[in-house]
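The structure is given below, and queries will be raised subsequently.
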Amino acid sequence: MISFRNKRRDIIKGVTVEIVVAEDDARPLNEESKSSYNRPKLPGPFVFILRAVSTLWRNKKSRVGLVILGFFIFVSVMAPILAPHSATATNFKPYQNPNATNWLGTTGNGQDVLSQMIYGTRVSLLVGLGAGLLATLIALSIGLVSGYRPGIVDEVLSFTTNLALVLPGLPLMIVIATYLRSNSMWMILFVIGFTGWATGARVIRSQTATLRSRDFVSAASFSGERLLRVVFKEILPNMVSLAAASFFGAATAAVIAASSLEFLGIGNPNTVSWGSILYWAENDNAFLTGQWVLVFAPGIAIVLLSLSFILINFGIDTLSNPRLREK
Amino acid sequence: MPILEIEGLNVCYRPERGVRISAVRDLDISLERGEFVGIVGESGSGKSTLGFAITRMLRPPAVIESGAVKFKGTNILELTGSELRNQRRGGLALVLQSGMNALNPVRSISKQLGDVLKAHSQKGEHWGRSEVRARGGELLSMVELDSEVLDRYPHELSGGMRQRVAIALALSLEPELVVFDEPTTALDVIVQASVMETIKSLQRSRGFTAILISHDMSVVLDATDRTLVMYAGRVVEDQPSKTVASAGIHHPYTEALMKCYADPRADKVELQDIGGTPPDLSIEVAGCSFAPRCSFASKVCFLETPSLVRSELIQVACHVRLPVSPMAKEVKVVRN
Amino acid sequence: MRYFVRKVGMFFVTIWAAVTLNFVVPRLMPGSPVQATLMRLAASGQVVTNATKRAIEIQLGLPHTSLLIQYGDYLLNIFRFRFGMTYSITDESVSRAIMAAAPWTLVLVGTTTVLAFLVGTMLGVYAGWKRQSRVDSIVTVGSTVFSAFPPFFLGLLLLYFMGFKYHWLPLTGGYTPGLTPSLSLSFLGNAFIHSILPAITLIITSLAGWVLGMRNNMINTLGEDYVLFGEANGLRDKTIAFLYVARNALLPNVTSFGLALGSVIGGSVLVESIFGYPGVGSLLLTAVNNRDYPLMQTIFLMITVSMLVTIFVADLLYGLLDPRVRQ
Amino acid sequence: MSEIEEIEGPLLAIAMEPVPLMIFDQVTKSYRSKRGKKEKLIAVDNVSFEIAPGEAVGLVGASGSGKSTIARLITGLEKPDTGRIIFGDFSVGKLGHRELRNLYSMVQMVFQDPYGALNPVHSVEYAVSRPCINYLGMSISQATRRVEELLDRVGLTPARQFAEKMPHQLSGGQRQRVVIARALACEPKLLIADEPVSMLDVSLRAGVLRLLTELQNEHGLSLLYITHDLLSARVLTDRILVLNKGGVVEEGVTKQVLQNPKDPYTVKLLDSVATLDK
């Protein structure tokens, strides 16, 4: 009897191994058990990002998004090496069309457009990611508190969220930026961050409320966990994909909003950014002078950057909503 | 001719990520007209998958790998969309497990009934408001509901009422075969019994062929004429419901399952469980799926998959209880 | 009924909150907006009457009275539509300046929002129903790419190709200069031709959201039990697609109708500025460039209130569409 | 009132212990009705009972009978409108967040849904070790040892292997055993089990029920078993209260109540029980 059972187990083992080899997707099961034995000694956030990227890489759309985003990150980090000229120096002939020295031509002030584009990547990335992060952090704190504390706290925070949600975004940013009169890129970042959190907060609130009613949250208080630990160790880890989605959503909106503000000349038009290239192009009537590159180059860069965020978000959506999965 | 014949049916789930699971394995079943057949099994036995396969309601990631489901002689797995739709009138119907959510929340009951009737109206038939209401009143009284329910929306009805409405809708096309997939599981204990009573009396009075899929042996034995016991995607036992509880030849799984029930009123109540772990459907192994949990298992049980062997009215798939004798005539060959 | 009563209540509370926010914002800002405004008003050569001075003080903050009195005066002035003088346009009161611009924007934003909603929803229904068909992938990819477009970039592209390069449509303005605005057929026709490009820009940029949102809702609803049961009962495909799936999938889209308006209004500010369209958006930018706080502040209030009204109407519509909230 | 006192006679005779572990004294709890009408939904209607140390009490009723509300009241998740709930030195209805934590070191809970009761992001070891660390003040290595003991005890062997698993790698029955191990970790005095087997396969139920009985006997635990299933109540409990619409309609020694039901509602419940030979 016993010998037969052993034999069978062997058979089972044999088949399991085969399945694991054949099925690339059977990973989560094995990954978990392996990771607890020899976890690589890397700092936590780094491991987290690596794992997130490898998960998203499996989805076709988000893979394209990751490639585009990777390209822009590369360009902004390597800007000093990649840029052929200074981005601010005005030592070229103005209004030049693309030529051998200035691949994308020059601005009305005689600056090299390609170098401006390369350095401008830094500003757009920083504002997009920074404002996205700020908005997500606000959304998380308001959403978590409001979802976990029903009653008066939730009522007040929900009302605030709904109010923030119905305030027209761009006009509000314009009004606040006009009052602040400061010209820095940081001002734009903060204004966008502080006006763009409401959508995320609403989603996170309802998810928190759902998780709160789950038995494992009650079980945590039965296990003697304190409030903060319940929120951060039990609820938050279940919202990673939601928080990521709201981050990339906010970042998309931030990239578009920042370029819109820069294009309107709110903020400092002398900061080298994609939006300000467009501002000067519009000011100098680039179309009339035939310098369409001045409009197309930054415009397409903005589209590509926000597109990369949108594509990455598709992958995240698919992870959290199995119904959206493609066959 | 049997009303339903299932031959060599294999259904598996192939999710985008994750392991392939074969839910129904090499299944052969044949149903006579007017029979009330129960299919009993625990989670993972493939009973619900089978019910969906019979009515051709399976959706990805479920895939029918091979086999045929013949309803009155036609293999419904080969029908096109519109041919299948025509089969619904006077044909196949399905009542879902979660009757609670089976009704469109934004349409009143009479409108939903009208949708069904109009979809299958034949030449010369006209389903105007009054015709739908008249038919609706009839159908609702059949499931013991007031015709006033016609004007209600689903959220205004209790769970039991919703499941009754769903049954009325399913029966509105006079189906010859109705599959009830756990029709009372989502309902409150006391409501469960009365809905089951309605189903039983409807089957008897209207004479349709019915399949009751349930995890609850007692419900099945109480309502049906014939019981099929499923384990790990296969039918392991098939016999008249009357004799399932009595001594006789049974699959060891059925016997073990029977010991998990008892009468709370008895002087001494003893409940038993089935040790070991439920079968892992992602693994294809030779031998009987129940063998690792079976106290009677012998060598052959781990090596060869037993096939259903007939002995008079009953069929059991077990090497120990009903070994295949070379002399036996009615041995079905199980494809592998 | 309860639903409607609650919505009416919420509407008034939100209006009050928005009006109050409009009161608070200028008072939180650094510097003295009142002083700046009065100086500029004088510099523009206009006669500063006491009434004008008072209106501005009430709106932007009077240094010497208590906040409570200021707040009371502020509310009173709003009821009387008294918002003071603008110095962006000579001899013009804020209310009259807005009144002149409002119809242009109302018609433009109103029609484009409704059109985008209808067309986008229908495309979304089709894409979700015929999931993974060719049309679906074209519609989905197209919407994804266009949702990455900042409205002003799309506007510039259209302007370049349709107006500048091929001269199909007028480049700028709401009507041909020299015409006197009237309700005559010839003027309306002229205005219509001028509004085509701004309208297309707004429709395309807001269409994407509706398409993708509706497609997602469709796919989610397709998995509901009542759709499965409808199929099991052999309902007609059209019945299932429209009355069972689309009908239910539409509900969340109706709730977001009002919210989407915010982004259309933001887009219209940019689009109006590009096309020189004489609407509220252009007026807002004029106000911003002149630091015309009274005008800016009032425009913002108007935009917010009209958004709230739209959201209120959408909420009422939702109540009619969903029997579950009617009681 | 007089009715309740009448039934209390035999009740006290069984629970010979002089000091009850928990007293539920004339408790009423109502909710505002959903539809916004003035009428209130009475969830628990003037219910009184006691649980003696080491005793297993069953609360039986269909959904809406108020049995789950009673569990929420005892664990302080809801506050009673009137009446008292006494547990040792605690008056449960009046506890704040901090004191609830002290209460939970003595009252633990086994939930209905084994898939919802374990956080999908934490390992079995984490789930079971938390109460050891929080209530017993154990170090991580002490807790690790205790986790293995507990898993061994609930039949999850080899314990080390199970400790490292994530919830999604376990079957429903195994998860429910983990939940029981976690509930036992801080050596509570009262275990509340809310339909712990109703979502498990029939063939696994008896195993979990047997485990609960064994643990109750070994640790001298009191058990409050909440269910609609009279069969499992019969197997597990000494005494039951049958609830209907928030009120107690019948109570007594489990076997006696089930063999000679007095109230028509109990009869109805009995008829709905899954028995094989009707």
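Before moving on, here are some points about what is shown:
Chains: A, B, C and D, in written order; residue numbering restarts at 1 for each.
In this section, a contact is a pair of C-beta atoms (placed from the backbone, for glycine too) under 8 Å apart; a residue touches a chain by one contact, two chains touch by 3 or more.
According to UniProt, the chain labels map to these proteins: A = Dipeptide transport system permease protein DppC; B = Oligopeptide transport ATP-binding protein OppD; C = Nickel transport system permease protein NikB; D = Oligopeptide transport ATP-binding protein OppF.
Worth saying up front: this structure is predicted, and the values here are computed from it rather than measured.
Each chain gets a centre from the mean of its Cα atoms; the one farthest from the centre of chain D is C. The most central chain, judged by C-alpha centres against the centre of all protein C-alpha atoms, is A. Rounded to a whole number, the gap between the C-alpha centres of chain C and chain D is 55 angstrom.
Centroid to centroid, with C-alpha atoms defining each point, chain A and chain C lie 26 Å apart. Between chain A and chain B, the centres computed from C-alpha atoms are 48 Å apart. Work out the mean CA point of chain B and of chain D, and you get 34 Å between them. Chain contacts: chain A has residues 326-327 touching two or more partner chains. Within the complex formed with chain D, the chain A residues making contact are 28-29, 32-33, 36, 214-216, 218-227, 233-234, 237-238.
The touching residues of chain B, when paired with chain D in their complex, are 42-43, 188-190, 192-193, 215-219, 221-222, 245, 256-258, 260-265, 269, 271-275, 277-278. Of all residues in chain B, only 55, 57, 81, 84-89, 93-94, 96, 98, 101-108, 115-116, 118-120, 153, 155, 166, 169-170, 172-173 touch chain C in the complex they form.
Residues 159, 162-163, 165-172, 174-176, 178-181, 252, 256, 259-260, 263-266, 278, 282, 287-288, 292, 295, 299, 302-304, 306-307, 310-311, 314, 317, 321, 323-324, 326-327 of chain A are the ones touching chain C in the complex.
Chain D contributes residues 75, 77, 97, 100-101, 104-105, 108-109, 111-113, 116-123, 127, 130-131, 134-135, 164-166, 168-169, 179, 182-183, 185-186 to its touches with chain A in the complex.
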